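See the structures that follow.
Shared between the two complexes below is subunit A, which pairs with subunit B and subunit C, respectively.
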Partner chain A sequence: MNGSTVIFYLLAALTLVNGVLSVSTRQIFRAAIYLLFTLIGIAGLYFWLNYQFIAAVQVVVYVGGIVVLIIFSIFLTQQAGEKLQKQKIGRKLFAALAVFCGFGLTIIQVYQHAFYEPAETGVPVSVAAIGQKMLSMNDEGYALPFEVVSMLLLAAMIGCIVIAMKEKKITDNEPGTSSPDHTGKE
Partner chain B sequence: MNALLLSAVLGVVMMFSGIWLKSKSAIRNVAIVGMALLLVVNILEMSGMIFFRIDTKGMIVFDRFALLFDSIAFLSTLLYLFLSAQDIEKVGINYADYFALIFFILCGITLTSSFKSLLILFLGVEIISIPLYILTGSDKRNLKSNEASLKYFLLGSFSTGLMLMGIALIYGDKGSFDTNSINLITETPSALIVAGMLLLLFSMAFKVSAAPFHFWAPDVYDGAPTVFTSFMATIVKAAVFIAFIRLFEEAFGNLQNKWQLLMAIITVATLFIGNITAVFQQSVKRMLAYSSIAQAGFMMLSVYAMNAEAKEGLLLYSAAYSFATIGIFAVLIKMKDYTFDGFNGFAKHQPLLAATTTIFLLSLAGIPLTAGFLAKFYMLKAALGTGKYLWLVIFAVIMAAVSVYYYFRVIQAMYFKEGDPPVLQITPVFKWTLVILAALVILLGIFPNLLLTWYYF
Partner chain C sequence: MLAPGLYHILFISAALFFIGVYGFLTRRNLITMLMSIELILNSVNLNFIAFNKYLWPQKMDGLFFTVFIIAIAAAEAALAIAIIINLYRSHQSIDVGNAEDLKY
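Let's turn to the complex of A and B:
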């Protein structure tokens, strides 16, 4: 057992333990924090595999973005300190059964799949290479989609402003439309 | 290429005009002039005058099919702006931004109608979808609009996720986003390709509101402000159909015998659910939402058949359907009461509006001498041309007969019932645009070649 394997098992343990804790804890805020460590563990696995770009994206998007979003929405909607209700035993049983079935299915898939060594050792893709490809105008470059994405972001940004901007007091509007009770209650 | 760049620029122009121009009519005029310019520039490109030559590395190809559809979409949007631009004013305070979003949607439409790479398809669909989520929820004080927007956003994001997953699976197998190289499939496609194709099929079916992925459509169309329902139920839906048929012709054309039965089942389900549910609606707006599902079922016939007639027919269908539905919605916006009874006695008070509405409804029902008849005829002919599944064609004809019932209910209310419907004020421009639309519907119903010759020359 060399150092690399030890690191793998450590990362796997970090991911798994936090994953289990995140679904078994009764405090929803803690669940989010455990999820954070699970995702960091997965990012560590990517680093271990030498996929630096994916690892960085994992940290930036999931750890940095998604978990923060989850924590924000917990604070906005729930009482973060309170414990959730205890689950009924029947539910626990069926949840365990579902997990067991999913686990079994995955194990069967993994053992049936014939893993083989790649014929050529893969070239490690550096972040610089990805960046150059994204902006290159050559035959294999993705400059055009990259530019189109900017348009998508612009449209999304305008949309955010339209939705989120506070409306000024409208006086020249028709009567009835600006009154607060016109909310289409059914 | 002209239209793609110009529509993006116009979106930005509209954004700034919201800051610089104070009066609403000035903003409206900028939008209408911009739209007319977009149409002219696109028609110029069809006749060979391309202003920007950009090497897209085969990711976008502006062929006749794409350009002609873009022209139809731009013409419909121009007429839509003439009819309803004033009503957009009442939705909210961000008047110029709504036009900016509409131009961005048109930009997405030019992308989805001409893509050759799945990456561009994905970006185009997203550029169409994200502004639509916003437009759906633009009536911020109305809870129904908020609910519709949230529903649309959640379900739409889910289907986008499916599409991305499908593209990733296909890329994993072929190592390319290019539709032509995906189509180089041997007799037995790999599991990755099949799974990717199915995911793409489901997500596209969701975007065109084909059953069983139609659940969002009635609520969203009903909840959105009526001006924007008119836009998203017509032009956008037709555009996604163009992307649908392109995707399955160019990327999965060799696998046609594998997916054709699935497509036939989706078509039947869409026709059945759309038509039967529309019969039971009490509100004209909701009836039109279900009717748009039913019309999507007819357009699905072209994706199912996938031959020369299907592509011709889809172009004609998108024109006929867009013109007629935009017209009906424009009249509906002017009504105070959206139920069928709200149309009682409409013909006595507004004879011109009632006459044009009747023409639009006849066209949607597929009565001869209107564009809708020939469009349906092309679709059925294309489906017969495949030589398979005759029951599909028979079923479609029966469902077309069912649709006559709920379209004629409106006509009956307008002409044969007494009532005094309150109508908002009507400008001469509105009246004349409606007359032009009705004339176009009849003209295309007699001379469809006026449109279809553009496809070849």
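Let's turn to the complex of A and C:
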């Protein structure tokens, strides 16, 4: 058992233990922090697999972006120190049973299937190769999905602004002539 | 069996997926349900990377799928949080039982 193996098991334990805690704790802020450590564990697994670019993207987008967004929305919507309400034991039991059955079936299927693993191992992917492939327009390139994702992000940004915008108070001023500090009452 | 390989990573990602499903089934708070969805998406990403690494090491397809899934997950989380905050403004609660009022 060498160092790499030990690191793999440590990362796996970090990911899974924090994942279980994240879905089982009753304090929502702690759930967000456990989720943070789960995502860090997955980023560590990407590093362990030699995919440094994906690990960096994972840290930047998930740990630096999504978790911070979730924590801010918790601040905006929860009262301090308030615990989540307890769930019915029947619902928990049913969910646990369904999850165990699904997990068992999946694992049995995976371990029965013999994957063909090629003997040669690939070289670590460089960031320059990723960038060239992402923007190349030939058959193996990913220029079209790249553009589609950029359109999706733009649409999501506009959608967020529209959804989260406060509704304007209806005033009886003319829309073109109203000024914010002049209410127009005579 | 002890040295980590493809099967170990598939085990981790399957476990993470079903942890996310468990959270999604038991939680009634919209933010914690969103966290469960993030766990599920991460398990899918881990699967793509593992298959790319062990089965097709010369190609980069799984890597690109992961990059695009991360981008879509970011957009999805931002939109979901905008909807959640809007729901909180009108109902002072983010319980999933209140979400059916959104259609009115």
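Everything that follows uses one rule, which is that the second predicted complex is superposed on the first by the 128 of 186 C-alpha atoms of A that agree within 3 Å, B and C clash if a C-alpha of one lies under 4 Å from a C-alpha of the other, contacts with A are read in each partner's own complex, and residues count from 1 in each chain.
Note that in this section a residue touches a chain if its C-beta (ideal position, glycine included) is under 8 Å from a C-beta of that chain, and two chains touch if they have at least 3 such contacts.
For clarity, every value in this text was computed on a predicted model and none was experimentally measured.
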Which of the two partners, first being subunit B and second being subunit C, lies in contact with A:Phe115: first, second, both, or neither? second
Residues of subunit A touched by subunit B versus by subunit C: which partner has the larger set? C
If you stack the two complexes on chain A, which partner ends up touching A:Gly159: first (subunit B), second (subunit C), both, or neither? both
Check the residue A:Met151 against both partner chains and state whether it touches subunit B (first), subunit C (second), both, or neither. first
Partner chain in contact with A:Gln58 - subunit B first, subunit C second, else both or neither: second
Of the partners subunit B and subunit C, which touch A:Met1 in the superposed model: first, second, both, neither? second
Of the partners subunit B and subunit C, which touch A:Asp139 in the superposed model: first, second, both, neither? first
For subunit A, what residues appear in both contact lists, the one with subunit B and the one with subunit C? 142, 145, 149, 152, 156, 159, 163
Along subunit C, where are the residues that touch subunit A in the complex? 2-4, 6-12, 14-23, 25-29, 31-32, 34-36, 38-39, 42, 45-46, 49-50, 53-58, 60, 63-64, 66-68, 70-79, 81-86, 88-89, 94
If you look only at subunit A, which of its residues touch subunit B in the complex? 137, 139, 141-142, 144-145, 148-149, 151-152, 154-156, 158-159, 161-163, 165, 167-168, 170, 174, 177-178, 180, 182-186
Note which residues of subunit B are touching subunit A in the complex, please. 8, 11-12, 15, 55-57, 59-60, 90, 92-94, 97-98, 100-101, 104, 107, 111, 117, 119-120, 123-124, 126-127, 130-131, 133-134, 137-138, 140-145
Could you please specify the touching residues of subunit A with respect to subunit C in the complex? 1, 4-5, 8-9, 12, 15-16, 19-20, 22-23, 28, 31-32, 35, 38-39, 42, 45-46, 49-51, 53-54, 57-58, 61-62, 65-66, 69-70, 73-74, 76-77, 84-85, 87, 91-92, 94-96, 98-100, 102-103, 106-107, 110-111, 115-118, 120-122, 125, 129-130, 133-134, 142, 145, 149, 152-153, 156-157, 159-160, 163-164, 166
